[in-house]
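Next come two complexes built around subunit A: one with subunit B, the other with subunit C.
Presenting the complex of A and B:
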């Protein structure tokens, strides 16, 4: 055991420098998107008791649905459940184009997912936790939201829709 | 020079690992194509009803047997071979290793019973509050504990060698194998805590509920380094064996190979949140820190790409290869072991790009739990790892049994069909995932599938069909080899590529364990400690179990 310094071939050294630069570029791009452009991932919002979240009259998910908080701004409380028949409540939401909607989604049983097709809204729905994400619907149309986590044999039929009217 | 001889008993012991691994692969791989066929609209599951109740029971069998059992058994066998062969000494305490092996076997059986009885249709991620029969959790625990015990046997063997050879550079293959076993010991703490403190007592009725967010966090503490536990044995072969097989080449750099393995040890655990970017209960700042560390672990992968390709180029030029790329043609493509591993390496390139994409924090919003993810890991674990292991078995089985590889041409065809089938399958999965298709869904039946997905889902089925043929070819070659009456004349030569530079010139700090181990534990405490502390402090065991299959 004599050597102290590592011998690095010149090509390999250049390759490592190239790799490092590339990683810095990627990290910068991701950071700019996250902190400069505000494309963010979900953050802890609220914790609930999954055993009572769908029934407790004080829980917004005992009466899930859309609430208009100010003109063009909505809160959508959505309950995901596998029991009895793998669905979201409500199954359908209608908002006018240009609406900014904050989704508050939780589960009263197993883990689910929530993916609004053709948008950046895509997150896990866990019992005991509330997942929140806000998006603006700039184009009219029907946006399906579908379950993206295995939640039992009915997982493949679990979906709903947001209808954005012109 | 005559190569070091393993005893018949040692060969049998390593061979038993291969046997369990290949049996698991045989059963598990039956279901992979069934999933793919279902996507294309050819659903065979109704015909399996007497045995397999649902698509998801099949998916559970596929995931558990292929991703957990095939890999773990093959790896423990291969590491045992590597350590004993490279150190030129028997196991320090063979009984300990045998105990470990049998614990793993009992564990597989214990987990298989509820899975086959449709009492554990929870997929290989077993996210609570899906609640499986307790035997499933006991089985998983025994597999993990058994692999620990086998690991301890390997550490003792290495320590015994080190004691007698205090001033010698450890052989790379032994070093890297010990490091892989060590990584496994560290990272499986997560899943061990998950099962022992929550899932097992819960499934036995001792506690009422679980905390699903905390369970996911424990799971992914293990879940990502698990990927490196799969990959590193393939890397060992690519670094230190494949160049020799491909054309008598040498390993380009012993010191950088070791450095990259150390970085894998340090960085592969403290980044599990990149599987939880869209979890509600994890603060984004920690998600971001883990994403940056994930970028960090890309660095040793890039080093690996360089060293492996440079070593292969050395082999190719030695065989008279010329030009910038033409040397590739001079590699020993007619050897099925070489063909399989080269093709595995090519697809891993794309798997790596996809992995970096997944890891990119907010980019994950468009990919999370879409078909892109299984598309990705079928390039990594199901090709880079699995096809490499198949390639390794093409020399290892003849070596262990003394029987000739049956029909090497079929084995070469197996490698190519896997490669082609996986390109078709995986490409289609990536694209349909980007279009929004979720993973883990029988898409042939899902009510929301738009017409634009259909052509891709058809390709998923075609890829699955080719992979089915390839899997059948592999099992045929293995079975026929194990029963082959034609013996090898001399013991099969174990491919060991020397390093270009004398490993004695590798700096000391790359052959010392303590600082790296402390470093990796410290980093884990730093980037997992605060979050786990908070989660455990605020634990809410409020989720009762559900059986929704």
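Presenting the complex of A and C:
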């Protein structure tokens, strides 16, 4: 039996056509977004100047650390840097259990990572961009955070800790 | 089922999917996110007049938080507020009213009298720009900290550490923009553009057009 005469159920055929159209549509949409519109994530509005972010007195990262915005609610501005000695500023944060902490992390030199162990926080830290994530610490304990993007010879010693006190 | 009817249904589905993609990709309408409700407050302005959040309902409001005793070099909050007011004509506001409110978190020193002197010293237009505070410090912390999520803390020497923060609220009392740090685009430029986008939504989002604006919210077509 030749393919021409092969019987295909009309529903099955319609679904096949539909899936083919979907494939073409997704491919087109992704191509248009990537090449036509240009990938611009994030926009310049979210971009900070990595050269001055740690020194400008108007920048929160010139005085990195924890701020208690209201009872139980914190903003943590964390600066990751490889120069001079591969570290996070601050290295240690202490909050009471149940705290809701918004992390604003940026880098003043190269690409770093930020992974808080035993939580779902894991993101890249790029110079000139601010990564933001909010976490509620429901259990007491020590949550280490480590650099997950290779950033130079000191990459392995780049870590810090969030201490959640009961 | 009728074959033509089936094809019609498929075409309609395809059209909906294509339109949704086109809407998201080309973003013909951009909006500001609805972040959360802005807090209620009841404070005194620089003329000893009561000012509550209900008084500014129906207007777009730009809030900022500071204290007049801020030692130099201090954050350029007043300068940014004045730049935005001076360039407000760049944004197409239409019928929408816009007001500016600076909340002082230092009521011990910033009495309405001091606030009035401060407003005068920087030549502020107090019809449009109010300087308010409340003698109740715990309430201030609740409004500014819990409500606007802006950080400030008193230091032992009676000055304050704080992060310069601007908050844009719409006429329904919903927070639509938070500006916590300086980016490559200046804070004034960013806020002015957002005011334009918000005013555009306020003026045009009625009747059938409301559906399009709600679609922009649904597809997260947020103005950068």
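List of remarks:
Methods note: the second predicted complex is superposed on the first by the 121 of 166 C-alpha atoms of A that agree within 3 Å, B and C clash if a C-alpha of one lies under 4 Å from a C-alpha of the other, contacts with A are read in each partner's own complex, and residues count from 1 in each chain.
In this text, a contact is a pair of C-beta atoms (placed from the backbone, for glycine too) under 8 Å apart; a residue touches a chain by one contact, two chains touch by 3 or more.
The shown structure was predicted, so the numbers you read here are calculated from the model rather than taken from an experiment.
In the superposition on chain A, A:148 makes contact with subunit B only, while subunit C stays out of contact range. In the superposition on chain A, A:33 makes contact with both subunit B and subunit C. Judged by the touch definition given at the top, the superposed model places A:56 against subunit C, while subunit B stays out of reach.
Which of subunit B and subunit C touches more residues of subunit A is settled by the count: it is B.
Contacts of A:47 after superposition: both subunit B and subunit C are touched. Of the two partner chains placed around the shared chain by superposition, subunit B and subunit C are both touched by A:130. Overlap of the subunit B and subunit C interfaces on subunit A: residues 33, 43-45, 47, 49, 128, 130. Residues of subunit A touching subunit B in their complex: 1-9, 11-12, 15-16, 19-20, 23, 26-27, 30-31, 33-34, 39-45, 47, 49-51, 82-83, 109-111, 113, 115, 117-118, 120-132, 144, 146-157, 159. Of all residues in subunit A, only 10, 14, 17-18, 21-22, 25, 29, 32-33, 37, 43-49, 56-61, 63, 67-71, 73, 75, 104, 128, 130 touch subunit C in the complex they form.
Against subunit A, in their complex, subunit B makes its touches with residues 54-56, 121, 123, 127, 129-130, 167, 169, 211-213, 216, 252-253, 255-256, 259, 276-284, 287-288, 291-292, 295-296, 298-299, 302-303, 306-307, 310, 356, 360-366, 368-370, 436, 438-443, 445-448, 501, 504-508, 510-511, 538, 540, 542-544, 546, 548-549.
The touching residues of subunit C, counted against subunit A in their complex, run 3, 6, 10, 13-14, 17-18, 21, 25, 73, 75-76, 141-142, 145-146, 149-151, 153, 161, 163-164, 180-185, 190, 224.
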